[in-house]
Amino acid sequence: MELLEKYLLTRKASEQLCAPLAIEDYVPQPAEFVSPPKWNLGHTTWFFEEIVLSRCIKNYKTYHPKFSYIFNSYYQALGERAKRAQRGDLSRPTVEEVYSYRKYVDDHICQLLTDTELDEETESLLEIGINHEQQHQELFYTDLKYTFSLNPLIPVYAEKAYCEDIALGDSSFLDFDAGLYEVGYKGTGFAYDNESPRHRVHLNAYNIASKLVTNQEYLEFVESGGYENSSYWHDEAWTWLTTNTITAPVYWQKQGEKWYQYTLAGLRELQSDAPCTHVSYFEAYAFAQWRGMRLPTEFEWEVAADMINWGQRWEWTESAYLPYPGYTKFDGALGEYNGKFMVNQKVLRGSSVVTPKGHERKTYRNFFHPHMPYQFNGIRLAK
Amino acid sequence: MELLEKYLLTRKASEQLCAPLAIEDYVPQPAEFVSPPKWNLGHTTWFFEEIVLSRCIKNYKTYHPKFSYIFNSYYQALGERAKRAQRGDLSRPTVEEVYSYRKYVDDHICQLLTDTELDEETESLLEIGINHEQQHQELFYTDLKYTFSLNPLIPVYAEKAYCEDIALGDSSFLDFDAGLYEVGYKGTGFAYDNESPRHRVHLNAYNIASKLVTNQEYLEFVESGGYENSSYWHDEAWTWLTTNTITAPVYWQKQGEKWYQYTLAGLRELQSDAPCTHVSYFEAYAFAQWRGMRLPTEFEWEVAADMINWGQRWEWTESAYLPYPGYTKFDGALGEYNGKFMVNQKVLRGSSVVTPKGHERKTYRNFFHPHMPYQFNGIRLAK
Amino acid sequence: MELLEKYLLTRKASEQLCAPLAIEDYVPQPAEFVSPPKWNLGHTTWFFEEIVLSRCIKNYKTYHPKFSYIFNSYYQALGERAKRAQRGDLSRPTVEEVYSYRKYVDDHICQLLTDTELDEETESLLEIGINHEQQHQELFYTDLKYTFSLNPLIPVYAEKAYCEDIALGDSSFLDFDAGLYEVGYKGTGFAYDNESPRHRVHLNAYNIASKLVTNQEYLEFVESGGYENSSYWHDEAWTWLTTNTITAPVYWQKQGEKWYQYTLAGLRELQSDAPCTHVSYFEAYAFAQWRGMRLPTEFEWEVAADMINWGQRWEWTESAYLPYPGYTKFDGALGEYNGKFMVNQKVLRGSSVVTPKGHERKTYRNFFHPHMPYQFNGIRLAK
Amino acid sequence: MELLEKYLLTRKASEQLCAPLAIEDYVPQPAEFVSPPKWNLGHTTWFFEEIVLSRCIKNYKTYHPKFSYIFNSYYQALGERAKRAQRGDLSRPTVEEVYSYRKYVDDHICQLLTDTELDEETESLLEIGINHEQQHQELFYTDLKYTFSLNPLIPVYAEKAYCEDIALGDSSFLDFDAGLYEVGYKGTGFAYDNESPRHRVHLNAYNIASKLVTNQEYLEFVESGGYENSSYWHDEAWTWLTTNTITAPVYWQKQGEKWYQYTLAGLRELQSDAPCTHVSYFEAYAFAQWRGMRLPTEFEWEVAADMINWGQRWEWTESAYLPYPGYTKFDGALGEYNGKFMVNQKVLRGSSVVTPKGHERKTYRNFFHPHMPYQFNGIRLAK
């Protein structure tokens, strides 16, 4: 696919995701980790303006002098920015203005790609911008789900958003031998800096499940008192769980004798054979302990990736998010894209039902803090 | 004026205030004390539904079963309600739905007043509901001002909102003799429970300023180091000021050598001869200390009310908000309207440029915590 | 009594209070409002050094250059000081050093009073210092009680500390007529600045109880669900109560069917006919509401003082702590003694079983925040 | 050495560390991570009582029924315990009582070891108890140093505690080849569960410094603006640094032109050629970034351990604290010793000047949160 076509499809996809929204839905930010849809649309646009247009077009005039302040997420090198927790406090720019902003930037990108022979660096920056916007498409789902889940009116994003409920078949354990393996990105397409360099690791022999843990399996953990027994949990997990009175996965609730989960299609009865979703690493680890097993490391996962079924849920691994041997950051401000987060986070592998098609990759390293359950995360066991 | 006419005019006025807003402006709540415009419109409507319609109309069907949960402010007796700090997290109901809700309730009130001979109690409840909505009209201005003031785009509510900048003439001190005075509401019109019973107080001889303190006078306090000298301030005020790094009134800012203040017409140069606005009691007290004077008590103010110029700013008094001797709360759930707030708050007297016409009264007792500067508050000196 | 004798008796009394302590008991500060005994002993000594010795003795050499930093409580005018919350973090100076400090200052005061004819101002400062130390003697009891109450070993301060358990006889209501009364300090002895000027107040006719509320009466409130019914409580009280899960007075606990209270003589069964103790203003107010009565104002109390039985518990009044008309602060740094606390606090009148003899006065105005139950506070009803 | 002898020497060593203390020094806990000396002495004693005496002696009578509540640190399986942050609030038991407690337990252990042929499990538990007490000996130093450092009197623990100031010679880089290495504990002596199983890892070729970073080197980082340039720091580090206004290592301070550091011998001028001490992982990482290098992984360190100079400072590694492949926890309550902390922490290798002799081991894995600088931590560079 041509770069311009890819660009335009990605940009269009972000807007299509917003089609079912009311104007009011673009605004709230009920927790610091949530970005309002309006902010997501503006931020991804600012990203292209900042890393491509401002550098490639001589005397480029930004759409609005304050938008960099409003839509910069965390790039220290790119100047002052609004506090993250206050994104939901800003009613302006309006949604309409944000769409104008998108059009303005899209027009300039189109013109740039039409008029100019792009050098390799600019192409690479555009690729990053496209991948960056895809990541925010996934975040759009997870953030909106969180916001809607708090609303007493239980809003429905889309009646057909049943993608969460794909039944799994039976699982078995696959065996892998001890030995030296190569891991990390190999190829000529796009990959993030954190997937390189490709390098050797030694793995002990291991077994890894062919399928994800189901709601039914996780429910047994819940109902057998798993959330009341500290022996399954990390010390920090136990503090998190008791401080926040957590007794089940975040979107689960019991009404009478039945369990329900909040989904983007509303509150629905828990599907026994669907993959368990929206658990934190703390919960994934505790579940594995309860089963007398463990989570795979990210390298065990990567080595097994071709033989297992993946893509429904991001899969927590036991691996901490750390640089590969010889890791080099992206150049310039994009050096802040991944490297500065390599502490206190856990790696997730795979992808999820809300990951944009084509964005997934078996060397992809997603990462979140161990207490965060808001992505479409699941559990795969190893031993 | 007929009660129905008064009702309809008041209801209409609330909606007219919102005319300049974008849909997005109805949503954010950047601080716990702020209510989003959407919530204000819904809450005042719920108030009529709850205290009038549900009681007067047999088998009255509420507009929506969850709206009581969403729009109840603080009435414990009226059931569970959403957390105050989370009003801005709710994108639903949409603005359009809230207007439908208003129409539904207005239609029922009209029908009730047309079809029925109201008893005295219902009339009285309607009066309270109308006064309640007027209070929220004033809160609309103060809350929106706060929200807009945080926005880097510096939104303008209305270009003509220069009402804040009314110049004051020269001030002088009026003398009052020591003696017994009567204070509290007397008459047959509407008044809140906290203005009664009318009772006697003994006042020492006192002097009270004929005009409010101006921006120029307050600026002298600021520039003479008033915010750096603890001797003018209460102990709690000093903690508040140092913890929050407060160095001037909340909406003031200095750019180069000039002082500006954020107004509903945007950021404007400070008008020297306009009344000082948006100070907390802590600031009003410290200013008076610096001038070697004091604030009047609420009874000194009330006794002098006919001879001074008032109505531009709510005026902080030295009086704590306490019940009058023999105070009796409103009946039922409305007993929570005033009485339960009679601790840790200071009385403000008068009214302000954003108080709805006809809502002001010389026995009126407004009240806020001493650190809150967000109303259109000013300072009158006494000695 | 001679001033020197009074000084020495007061100083000795502070040390006698500490006789039952282990060295370790002088150190901890389990809450910000608590002062460790060691700090109390040092602070009262610093007070004399700072306000008397440093001013009256030429070239006075302070005992230690850092002690002013460590033992200054809240006097901004007297320089930098350690953070209040960190008093319990300091193991040094040792208890022995603090006693040496006391001796050093006492020796200088003795010499000063022996060698010099004191001027009136110095006499007055000494009087304040003595009264100040008496206040800290009372705080010693209340702070130690709090600290010990948290200890799982339930320490006993003194087996004979049963002073808390004085039985009350029957109570009746005394009638007072409406009229003008004079209140405030009159006389030539010592009084704090906040008790003056004497001035007139008008009171409506009122009734006031001859005795304090007993444990038995308060227990009925507790057991009838008083802590679960928001209608008796201020809005801030309800937040305080629910946030902190408060279900009874602070030192009460139920074991099986019986109620106990922690006392300085250990955990003891609740004495039905003893005065209820250690309630906050919030609780006193709620109790009065439940009984369909109210608390007296401080002036109603003062007018009635000669005819009621007082001195067992500090008595919460309905009055906010505010300056009297024409109030003038003490001069200099002592201007911070009282005036800067005149916001957000309630007046307590009377005195308690742990108030040093001779320190009580019927015009005395004690004051605490409405949520603080740690003094030996009780309840007197009015209507 | 016989087990009994080792036991007695270890127990005695803990008490000798306390010889320079005043009674008051045993009490304060200025931060949650600090344990008061009194608590350390009691906790290590409780550990032996709980894991050895209560299990090996039939009808063993504990010294005091509440001591388990007071001295249990974090063992959920061993029952309720006092809140960690409140250890400094407890003046009782007194220091004297704690020493009696130690004697009581020592006597019983002696008798047990004299009278009985110990089985292997009991011997192993005693070994753990001895190693556990040694760990607390090191914590004694780090906690006391923190507490004393906050005291305006700048207490001296021991004039001769200059152990911190050992000069380093020149450093060079040692080369290691890529390849498969074995890491983890091998042998028959005592080792913690987290050092096993021994297993293979593949390392890329690397260079590691022969010596630790000196104060002089770190000072250059500080003075070149290292703490003001976000590009060297992790995102969480930058938040930590700006929130806490951190501008140099925790015990450093500048007076005029000179740098000082607080040591257990008091405030002393910074020694240029001594190893840099008391840096957090965040600081160690930022320093390495500034130098264009990195920290070693724990396995790079272990492989190099025989060829480098170690033992002056604990050395931060880039490795997260995770279980080794096939890791098995200790049995029973001791399963909580290490495993439950394997998240969000970084591994430190080596040992420090305050590590008890004989406690160090080249496979030893110490671990702390990345923001914690309070151990005697230093930096070794790799590339």
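For reference, chains read A, B, C and D in written order, and residue numbers begin at 1 within each chain.
As a working rule, a residue touches a chain if its C-beta (ideal position, glycine included) is under 8 Å from a C-beta of that chain, and two chains touch if they have at least 3 such contacts.
This one's a predicted model, so the numbers in the text were calculated from it and none came from an experiment.
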Treat touching chains as neighbours and tell me the shortest step distance from subunit B to subunit D.
2
Per the C-alpha means, the centres of subunit A and subunit D lie apart by a whole-Å value of 36
Cα centre of subunit A to Cα centre of subunit B, whole Å, reads 45
From the C-alpha centre of subunit A to that of subunit C, how far is it in Å?
57
Counting only residues that touch at least two other chains, what does the list for subunit A look like?
none
For each chain, which other chains does it touch, given as pairs?
A-B, A-D, B-C, C-D
In the complex, the residues of subunit C that touch subunit D are 22-30, 38, 66, 69-70, 82, 86, 88-95, 147, 150-153, 155
Mind pulling up the subunit B residues that touch subunit C in the complex?
74, 76-77, 180, 199-204, 230-231, 233-238, 281-282, 285, 318-320, 322-323, 325-326, 335-336, 340-344, 346, 370
